[in-house]
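Take a look at the structures listed below.
Both complexes below contain chain A, partnered by chain B and then by chain C.
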Partner chain A sequence: MGQKILLEHANVPGIKTYEVYRQHGGYRSVEKALKSMTPDEVVEEVKTSGLRGRGGAGFPTGMKWSFIDKKSGKPRHLVCNADESEPGTFKDRYLMEYIPHLLIEGMITSSYALGANLSYIYIRGEYMWVFRILEKAIKEAYAAGWLGKNILGSGFDLDLHVHCGAGAYICGEETALIESLEGKRGNPRIKPPFPAVSGLWSNPTVVNNVESIAVVPWIVNNSGEDYAKIGIGRSTGTKLISASGHIKNPGVYEIELGLSVDEFMNSDEYLGGMMNDRPLKALVPGGSSVPILPAHLIYKNAEGGDRLMSYESLSEGGFATGSMLGSGGFIVYNDTTCIVRNTWNFSRFYHHESCGQCSPCREGTGWMEKVLHRIENGHGREEDIELLWDIQRKIEGNTICPLGDAAAWPVAAAIRHFRDEFEYHVRFPEKIKNRDHFVAEPFEKVKHLVAKQTV
Partner chain B sequence: MKVTIDGQEINVEPGTTILQAARMIGGESVPPAMCYYSKLKGSGGKCRCCLVEVSKGSEADPRPMPKLVASCVTGVMDGMEVKSITSERVVDARKSVTEFLLINHPLDCPICDQAGECDLQNLSFKNGSAKTRFVEEKRTFEPENIGDNIQLHMNRCILCYRCVMTADQLTDNRVHGVLNRGDHSQISTAISKAINNEFSGNMIDVCPVGALTDKTFRFKQRVWFNKPYNAHRDCDKCCGKTTLWMFGEEIQRVTARKDEYHEVEEFICNECRFDHKDTKDWVIEGPRKFEKDSVINQNNYTRKLDTVTIETEKQILLGREQDRKKISMPAVPLKKDEVQVFKEGNI
Partner chain C sequence: MKISHVKQDINITPELQARIDELISHYPADKRKSALLPVLHEVQDAHDNWLSIELQDKVAEILNIKPIEVYEVVSFYTMYNQQPIGKYMFEFCRTSCCAIRGAENLMDYTCNKLGIKEGETTPDGMFTVVGVECLGACGYAPMLQLGDYYRENLTEEKMDALIEECKNGQVKLH
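Showing the complex of A and B:
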């Protein structure tokens, strides 16, 4: 049983309310930070903890905090990115829905560390009921004196607002989020300047994921060193994983980083193995943007070593044989899955969510979606596979924000690892005309049709 | 600050972007720019045509930048080394962006008023491919009336955001903007409203493609058959310095004066642009010169023209002597009434 940091009290009845949360040691970190620590000491603790951003990129949170421009004298802001829209990821929703006060406590402590007096939680529009839960929790926190003027007599003021987005995936990108928060169209800004220098209303701003902020109270209550002891190597602490797909027990799990993928997948404590005991075909370990892994690269990396749930281990072998931990959207596929259809589905998502600001992403995502749609529906041509590869190559790295990369990677990985399935779709349109064609006839059975033959 | 672009060194002020430095050098190394407009604040970085490779970050930090950067929004550093056309990656990226911009473009240049002075034409002439790999149906938009003076062709738009910035920075109360998302983003007025601001006509000039064109000039002339003249008038709203596009004695179109990167020198007001189509209103300064490879020089009238006599003209009109004899065919005798007609004519 791994250590629980975030979900320790998640199942306590009534933990949503302030009283119960307080009885279970809530808001201790605010007391500790405001009464006995300087803001820099809090930043230092977070730095020591080695906490890495939980939104997907895995950038060290303490480092991000230390970049914030304190010299300019402008007001600073902390913005919590709760615009969790990555397909396959639902950990932040779980956290905010069940323990809303944990996020608010984290926001207060983190704002204190950054010297921010006006902080925001930007939540996606589809999470309307969570928005209401947070609003209620903030009201309770104001009433109990944890927010507002002169908190605990320390002279530190903080106002916290929840802002509801309108449901655009792109607003999860930090600069687009800031634009949206300012009331503009959610287009990513061109960097530099980075938000740490010029963010919300041109003031220095830090944007952090819900999970990153929710961890801060524990780090302050205990210590950065204690946090760094959990986990493996540079992947410290615990991580929420949203598991979905063809597994016995889907849901949100808190794991210590460094757990092996095999144990996570197959132990009864976690996912409990494959649903209906059908064979495993593929895995997307970190939300739809990261490369898909074929069965032989899931438990072992290319060198034959064990694959672990950590930032480093999952990306071993680069994109050729590895993937990324990303935001922890763990999607498992069994042999009935059509990878082409899945890739088309992801592509359709990115096509729909591209903001339309820069040309490679605006035009390229739509083009990829159309080509994949054609292949999936049996109208593909042999050269379409090369064409797809070329389009994704031309999008990747040429866009303003990472959405272009996120759209290109799943397509690239699917072609890299499952090229024969694409060929099967192109060459046998009759066989794939029903969308459940792999249920009756898994790919293993028809693989010989597209196998290279030596005469 | 010293910066090297494709091996050519130049000293520039701090705060200059790579694109501006390249334009100071000039020549082949200047990256194409579809969305950047030096007169508009905050423009650039969107079209990705001007991507360049930074092979050396600066003197202090010589590491190369891993990704290609948009030269129009990246400031130079001391000792920076930039590769534009000498880098294969850059050339490839430009080709890619051109392809992306063209897949949904209607390619209706033969009926487009912008043809001949279109940045997308120039870009695809240099970086485009003759064949398309896009076999799907192109994206189209419903036609929309945005006012009496400006014609919007959304199908041609490449979403450079220049017109939005022009309206933001030049006029009060912008009424148009970008609606929707992704490849269905469109320039539009959210509530059907005419764009009739006093400086709105400049949207036409800043548009790099034929998405925004002059309604008073619509389908009147191919631009290379017009004779552009510099002219000015006293205007209380703007500088009054314009280019008149003449056909004979008629002023067919008035635009602001554009430099070699197709950026206007000074913005002009709608009154100058749309309402003064009489030569009496203008003081004509003289023919406007264009860069050497512009198609507008097709109809070059700035040099002295000699009268050309075509020697064969007489023969073409009358036919050669021996042919005329053949046609009359004296070997075949005429009938009696035919002889009469031949002599007296058919009265």
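Showing the complex of A and C:
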């Protein structure tokens, strides 16, 4: 049984309320930091912990904090990114819904470290009931003296509010999130300047994922060194994994980084194996944006070594044979899944969510969706596969924010690993008329047809 | 989404105004515009879940910003409705994780039962069905959003029951 840091008290009845949370050691990190540590000492602990941003990029949190501009004398802000919208990811919602005070405690301790006196939690608008849970929890924290002026007599002031979005994946990108928090369309900004210098209302701002902030209390209460002892190599600590798809036990799990993919997938403590015991076909290990892995590259890497749940192991082999840990959105597909249909589905998502600023993304995502739709519906041409490859290649790296890359990677990986399935769609349009075509007849049973046909 | 020229009764009640004032107080006095997204949600909720041009103009007036600053935001974010919609809007997530667990079939089932196509509203104005992108409920598929809440791990039987609850006025939206 792995160590639990974030979900240690998740099953305590009433942990949602201030009183129960406090009885279980809640807000101790605020006491410790404000009474016995300088802000820089808190930053140092987080640096020592090796914590990497849990939103998907995996950038070291302590280092991000150290970039905040303290010299200009402008007000500073900490903004929590609770816009969780990466398909396959639903872990932040779980934390906020069931242990809202953990995030609030983390916001206070982290704001103290950064010298921020006005901080926000930006939550996606669809999580409206969670928005209200956080609003209530913030009111409780104000009433108990953890927020407001001169907290614990330390001289540190902090106002914290929750702000809601209104349905836009792009607002998970930190500069788009800041635009949205300023009451504008979620168009990402050109960097530099980075938010650490010019963010919310042109003030120095740090944007961190919910999970990153929620782990700060544990790091402060224990130590960065203790945190770094958990996990493997540069993947320190625990990580929340959102598991979905064709598995027995979908849900949110806290794992110690370094757990083997095999154990996570098949042990009863975690996912319990495949739903209805059907064969495993593919895995998207870190949210829709990361490359999909075919069955033979899931439990083992290309060299035959065990694949582990860590930043490094999941990306072993680069994009040729690896993927990424990303946000921890772990999507499992069985043999009834149509990879072409799933790739079209992802492309439709990115087309819908493109903000429209950069032409390669605005136009390219639309073209990928159209071409994939055509192939999936039996109107594809042999050359469409090359066309798709060409479009994704022209989007990648040519946009001001990572949405372009996120849209390109799933298409590239699907063609790389499942090219024969695209060919099958093009060559046997009559066999894919029904959208559940591989439910009745999994691709494994018909793939020999592709090999026989020469074009 | 096209804009609508249907006339909408605008009523900023004292309760709604108080809530708007509370939201505005969360931002520095010279940054009232920041309250735009949360304020639009509250105003829309209080006006049959849609925002006419006149209502958007009213929000601009309340926040002391130009109408175009409201229009460009309303047209960008999918949760703001620019035309009248059904009292009960079933928003089915149909992105990958939900799709492979039966979201498309369940949406078809619901549309057939209500006699409408995806994106349409029943003639009595009671129900709208729309397919939307990932709602962050991937492990609890298939699911839909109804008002401020999610309905998860759905089946055809649960859909039947939910439609009945709506018809009987037993569903809390906000």
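Here is the rule we go by: the second predicted complex is superposed on the first by the 451 of 455 C-alpha atoms of A that agree within 3 Å, B and C clash if a C-alpha of one lies under 4 Å from a C-alpha of the other, contacts with A are read in each partner's own complex, and residues count from 1 in each chain.
Just so we're on the same page, a contact is a pair of C-beta atoms (placed from the backbone, for glycine too) under 8 Å apart; a residue touches a chain by one contact, two chains touch by 3 or more.
Only a predicted model underlies this, so the values are computations on that prediction, with no experimental measurement involved.
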item	value
Partner chain(s) touched by A:A168 [first = chain B, second = chain C, both, neither]	both
Which of chain B and chain C A:V206 touches, first, second, both or neither	neither
Touching partner for A:W129 - first (chain B), second (chain C), both, neither	second
Touched partner set for A:M96, first chain B, second chain C, both or neither	neither
Touching partner for A:R185 - first (chain B), second (chain C), both, neither	both
Chain B versus chain C as contact partner of A:E353, first or second or both or neither	both
First, second, both or neither for A:T337, with chain B first and chain C second	second
Touching partner for A:H246 - first (chain B), second (chain C), both, neither	second
Broader residue contact with chain A after superposition on the shared chain, chain B or chain C	C
Common interface positions of chain A, toward chain B and toward chain C	168, 185, 352-353, 355
Chain A-facing residues of chain B, complex	44-49, 51, 67-68, 70, 73, 92-93, 96-97, 99-101, 103-104, 133-134, 136, 139, 158-159, 161, 177-178, 180-185
Touching residues on chain A, where the partner in the complex is chain C	84-90, 93, 118, 124-129, 132, 161, 163-169, 180-186, 201, 242-246, 250-252, 284, 288, 329, 331, 333, 337, 341-342, 345-346, 348-349, 352-353, 355, 435
Contacting residues of chain A [partner chain B, same complex]	168, 170, 185, 190, 351-360, 362-367, 370, 374, 387, 394, 397-400
Chain A-touching residues of chain C, taken from the complex the two chains share	26-28, 31, 33-38, 40-41, 63, 65, 69, 72-73, 76-80, 94-97, 99-101, 104, 132-141, 145, 148-150, 174
